[in-house]
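Here come two complexes built around chain A, the first alongside chain B, the second alongside chain C.
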Partner chain A sequence: MDFYLGLLQIIGVHTLLGLSAYVVLLTGQVSMAQAGFYAIGAYVAAMCTAMFGLHILPAIIVAGLVTAAIACVVGFPALRVKGLMLVVATLAFGEMVRLFFFNFSWQVERGGELIGPNSAEGFRAIRFFPENGWEIWHVTGFIWIVVAVVMGALWWIDNTRAGAVLRAVGHDETAAQSIGLNLTAVKVGAMTLGGLVAGMGGGIYAHTVTHIEHAVFGVLLATFAIAYPILGGLGSVFGTLIAVIFIQGFLVEGLRFLGDWRSLLFGALIVLAMNFRPTGLLGERMPRLFKRRGPDKLELKEAE
Partner chain B sequence: MDYFFFIDLIQSTVDGLLFGTTYALIGIGFTLIFGVMRKLNLAYGAAALAGTYIGLVVFLMFDAHPALVFLASALGSGLIGLVVYLCCFRFTPSNYPMASLLASVGMLLFIDEVVIHASHGLPYPYPSVFRDAIIELGDVWVRGDLLFVFFMCVVAMAALFWLLYRTPLGLATRAVSQQPRAAQLCGIDVTRVNMMTFGIAGVLGGIAGAMTAAAVGVLSPVIAMGLTVKGLIVVVIGGLGSIPGAIIGGLLVGAAENIFLLLRGVTERDIYVMLLLFIFLTLRPGGLFGSAQTRD
Partner chain C sequence: MKFSTLMTASLLALAAGPAVAQDKTINIAGFGASSGVVGIFGQNSGAAMAAAVEKINAEGGVTLADGSQASLVTTYYDDRCNAEEGISVLRRIASTDALVAVGPTCSNVAEPLFGILQAKVDDAGDTGLQFPVFTDVAIKGGLAGISEWVFRNTPSESTMYDSLFAWIRETHPDAKTIYGGVEEDFAHSRFTWYEVMRKAAENHGFEVVGEAQWLLNDTNFSNQARGMRRAEPDVVAISAHPFTTCGMLREMARQRVEPKVLVGLTSSSSLETLTGCANEAEGIIIPTSFAPVNEGAQSAAAAVVANGGQLDLHSAAAWENIMILKDVIEAAGIEGTDASREEDRRKIRDGLAALTEAPGLLGMNKRMPDGEAVKPYVFVDAENGKWEVLHNPGS
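So, the complex of A and B:
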C-alpha cells in the first residue's frame, strides 16, 4: 500500500511541474526553465523548514512566491526573444540554476548538526514530515489537496477572460497585439504564474524525498515538464494530469520489469506520439464533456 | 597580474580558440537546419554523439586508422541526421512547431539511451593524432592535437562554403532558406533539400563530435548534452541562421569558457558562459549577425 501512496506522491508533484509548463505553453512559449524554477522552490522550501523551523504550508507558499518573483525577473529579458530563441534562453537559465546550487553552500547548526545546502553533496535531512509525525497517507493527502487547489485555480483561470487572453497570444501574436493585448505583460504574467506553481511543486518534492541535489534538476526534468502538457494536449489541465499518470504510473512504474529499456521506450513514445497525434492526447480544445454554456461563446476559433 | 598569470591567460585563450572551432561546427549545423526549416532540431547533439560512437565501433572492431575513424564518425552522424529528419520533421505538421520540437527532444532521449545502453555508460578511449607534438611560441605552447582539431574544422567549414556557394545543391539550399514557397515554385524539391541539409548538418556534427572526442582523448555519452547546450548558445550569440555568426560565436564561447575555467574553476565555468548568453539576449537579442527577420 505504501508503494502506491508513494507513487501517488510522485504523480502529484510531477503534475504540479507539468501544470507550471502548461501555463507558459498556453501563450505559445516553450520554456525549458521549469526544472530550474522547481529547483529554486525545492531549495527555498527546504531551507524554510529544515533551517528556520517553519511549517510546511507557509514554507511552500514562500517557495512559490520567491520562485514567482525570480520567474518574473527572468521573464523580461528572456521573453524579448520568441519561440526557438526562448527555448535556448530558458534552457541556459535552467542549467545556470542547477550549476548555482552545485556551488551553493550555506549551513546552520540546528540540534547539534549542520543543516543546509552543501554544494555538490546536496541538501540532506529535510525531515519535516517524519519529525512531526506525518504518516505517509497524510503526506499523500496533503500533496493531492495542493494539486487539486492548483488544478482548480488553473481550470478557473482557463475559463475566465484571462485564459482566453493567454490562448489568444498563443494562437496568433500579431492578432492578439492588434486587439490591444500587451504581449510582454501577458507572457511575463504566464511565466510568473508558471514559476509560482513550479516553486510550490519543488517545495513539496524536497520534503517527500528528504534529500535533494543539483543533478536531479537537469535538462531531463525540464524535458519531462514540457512533455507532460504537450503529450496530454493543451486543451485543458486534465491533459497534463493524464499524461503524468500515464508516464509516471504506467511507463516508469508499471513497466519496471523492463529495467533500463524503459527510458528508451520513453523517447520512442514521444517521437511516435508527435507523429500520430501532434496536438496531444486530448487535443488542443477542451473536451466536450466539460464544456459549459457561458464561456463557450468566448472560445477562440482557430484560423486556418 | 604577474607575468605567469598573463602567460596562463594567453595560453587559455589560444586553447579555447582552437577548441572553439568544434562549437562553431555544431553551431553551423543548428543554423543550417534552422535556416531551411525554421525549426530547432534538439536531437542534433545526440546524433553527433551517436555518429562518433559509430566511429568508435570501427576503431575497436577493425583497429582502423584514425582518419578512417573520423570519416566513419562523420558519415554515421550524417546518416543518423537523415533518420532524425524522417522521424521528427518529415511527418509532423509544419504549422505546429511544438510537435517537431518535442519529437526531436524524444529523439534526443532515445539516441542518448541507445548509446548509453550499447556502451554501458563507460568512457572509451578515442584515437587522436599529434598527441605528443607541441609547438612552442615563446612561453605559450600550442598542442598538436588541438591544432589538428582546428585544422579539420576549418577544412570542414571551407567544404561547406564551397558546397553552399559553388554547387547547384547549395543554391537550392539557400533558396529554400530565403523563401521556401518561391523556391518550390521554381521547381526545387523542398523535402529533398531539407533532407540533404539534415545529412550535411549531421556530417558536420559528426566531425565536431569526433574532434571533441579526439581532443579529450576519451568518449563518453556525457558530451552530448555539452555539445547541444554549447551549440545552442553559439547559435544565439552569433544570430540564428547566420553561418559567420556561428563561427565567431563558437570561437568566442570556446575562448570565454577557457578563460572562466582559469579564473573561476571547473564547477563555476558554465555559469559564466550562460551569463554571457543572457547578456547577449538582453543587449542584442538578434545575435551578432542576425537580422530582425531571422528572429523566428
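So, the complex of A and C:
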C-alpha cells in the first residue's frame, strides 16, 4: 500500500509542476523556466521548515509567494520575447537558478547539526513529515488536498473572464490586443500564477524526498513540466492530470521492468500519442463533463 | 535488454551435496541504476547478486530459526539513478516479501533515499520507513549516518587515497604538482575530488596547480586538456566515471599531456575503462577494494561473468553483501514467514548493526559503528589492457 501512496505523491507533485506550465501555455507562451521556479519553491520551503521550524503549510505558502514574486519579475523582460527566443530565455533562467543553488551555501545549527543548503552537496534532512509523525497516507492526503485546491482554482479561473482573456491571448495576440487587452499584463500574470503553483509544488517535492540538489532541477525536469500540459491537452486542467498519470504512473513506474527499453518506448509512446492526438489526450476544448453550464457562461464570440 | 536482473534467481533444488528440498524462500531485493549512462554498475551488481544467490542455494541455502533450509531469491529493480524513482522503488520493495534491500548505485539517490528511512531505531516520533538497506555501490562518504536502518559495504575512499598519495610521494619524490579533473555533476566524483583526492594530495605535499571540470554527458574535453597542458603538472588525478574518463584520456593523448603519474577514480577501475580506452588508460593508478588476487575472488569473478556481468569493486560489494546477509540471516534466527516479516526485517537490521567485521573477497571488512565499512584494498594500474595489482598496502 505504501508503494501506491508513494506513487500518488509523485503524481501529485508532478501535477502541480505541469499545472504551472499549463497556465503559462494558455497564453501561448512556452516556458522552460518552470523547473527553476520549482527549485526556488523547493529550497525556500525546505529552509522554512528545516532551518526555521515552520509548519509545512505556511512554508509552502511562503515558497509559492516568493516564487510568484520572482516569476513576476522574470516575466517582464522574458515575455517581451516570443517563440523560440522565449524558450531560450526561460531555459537560460532555469539554468541560472540551478547554478545559483549549485553555489548557494547557508547553514544554521539545529540540534547540533548544520542544516541548510550546502552548495553542490545539496540540502539534506528536510524531514518535516517523518519528524512530526506524519504517516505516508497523511502526506499523500495533504498533497492531494493542495492539488485539488490548485486544480479547482485554475478550473474556476478557466471558466471566468480571466480564463477567456488568457485563452484569447494564446489564440491570437494581435486580435487580443486589438480588443484592448494588455498583453504584457496578461502574460506576466500567467507567469506569476505559474510561479506560484510551481513554487508550492517544489516546496512539497522537497519534503517528500528529504534531500534536494541542483542537478534535479535541470532541463529534463523543465521538459517534463512542459510535456504534461502539451500531452494532456489545453482544454482543461484535467488534461495535465491525465498526462502525469500516463507518464509517471504508466511509462515510468508501470514499465520499470523493461530496463533500458523503457526510455526508448517512453519516447515512442509520446510520439505516437502526439500523432494520434495532436491536440493532447483531452484535446483543446474543455470536456463537456467539466464545462460550467448556465446563462453566465463566458465565451469568445466573433465581433459583430 | 539482455539484463539478467529481471531474473528471479530462484534456483530451487540445485541440490548439490547436503542440500535438501527447499519450499521456503527468503527474498533479498536489489536496486540501482541498471539503465542509462551508469546502467552498467547496476547490471554488474544484479549479476553479482544473482551469482552469489546461486552459489548459496547450490550449497543448501540458508538455515532458518526452526532449522529448516530456505533458498534465497533476488529481484533487481531499476531506479535509473533518479532520486524520486529510487524512493518509489524502495517503497515497492518494502511492500513485497523482501527482508532487506541491496543498493542503490548512485549517491544522489542514496542521500534522499536514506532520508525517508527512520533516522533512529525505535524512535516512535519518527514515521520514516523501517526497512534495512545494505548499500553496495553508492560510495560517497558519510551517508550511513543519515539513518540507523542503513548499512554500507563501500570502501573508505579517504583511507584509500590518503594511502595512495603517500605511496606516490614515496615512489615519485620528484613529483611536486597535481592537476585535478572532475566530473562536476555526479555526487560521487565531485565529492571524491574536492573532499578526498585534493585534500589527500595536499596533505602529502602536492601543490594543486589547477582544476578542470566537465559534466557526465560531455563529449568534448579540449579546453580542459589545454588547461592541463599549460599547467604541466607532475600528477593528474581524474575524478570521473569510465565514460568521461576515457573521453578526457583520449583528449589528453591527442594534446600530448603526459604527466609522470596518472590517478583515477575508484569507479573507473572497471572493464568499461579498458574497453573504452585501454591504450590511453595505460599506467593509470587506481585504489580498489577488489582485484582477483586470490582463489575466492577469482571464483567469484568467474561466477559473475557466467551471469552476464563483471566483478569490480562495486559489484564485488554486492556479492559480499549477499554472503554477509546469509550469515546474518542464519545468526539472527529468521523465521521467513509472512507473519514474521516485520520482525525478520528488524532482526536483519540488528544483525547488521551488531557486526564488527565481516569476511570479504580481499580479507576481513571492518564494520564501523556508524554503519560504514573499511575494506582491504590494493592499488591497480592498467597494463596491456588489463588491471594489474601494482601495490598491496596490506602486504
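Heads up, the rule we're going with is that the second predicted complex is superposed on the first by the 295 of 304 C-alpha atoms of A that agree within 3 Å, B and C clash if a C-alpha of one lies under 4 Å from a C-alpha of the other, contacts with A are read in each partner's own complex, and residues count from 1 in each chain.
Convention: a contact is a pair of C-beta atoms (placed from the backbone, for glycine too) under 8 Å apart; a residue touches a chain by one contact, two chains touch by 3 or more.
The structure displayed is predicted, hence computed values, not measured ones.
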Fit or clash between chain C and chain B when superposed on chain A: clash
Partner chain(s) touched by A:7 [first = chain B, second = chain C, both, neither]: second
Which of chain B and chain C A:96 touches, first, second, both or neither: first
Which of chain B and chain C A:215 touches, first, second, both or neither: second
Which superposed partner A:57 touches (first chain B, second chain C, both, neither): neither
Touched partner set for A:149, first chain B, second chain C, both or neither: neither
Which superposed partner A:268 touches (first chain B, second chain C, both, neither): first
Partner chain(s) touched by A:260 [first = chain B, second = chain C, both, neither]: both
Partner chain(s) touched by A:134 [first = chain B, second = chain C, both, neither]: second
Partner chain in contact with A:278 - chain B first, chain C second, else both or neither: first
Chain B region in steric overlap with chain C, selected from 43-51, 79-87 or 115-123: 115-123
Residues of chain A contacting chain B in one complex and chain C in the other: 120, 260-261, 263
Complex interface listing, chain B residues touching chain A: 34, 39-40, 42, 87-88, 91-93, 96-103, 105-114, 117, 225, 229, 232-233, 235-236, 240, 267-268, 270-271, 274-275, 277-278, 281-282, 285, 295-296
List of chain C residues in touch with chain A within their complex: 1, 3, 5-6, 34-36, 39, 77-78, 83-85, 87-89, 91-92, 94-95, 108, 111-112, 115-116, 118-119, 125-129, 146, 184-185, 187, 190-191
Chain A residues touching chain C - in the complex, by the definition given at the top: 1-3, 6-7, 10, 120-122, 124-127, 129-131, 133-136, 208-213, 215-216, 252-253, 256-263
Parts of chain A lying in touch with chain B, wherever the complex brings them together: 25, 30, 77-78, 80-85, 87-89, 91-93, 95-96, 99-100, 102-103, 119-120, 219-220, 223, 226-227, 230-231, 260-261, 263-264, 266-271, 273-275, 278-279
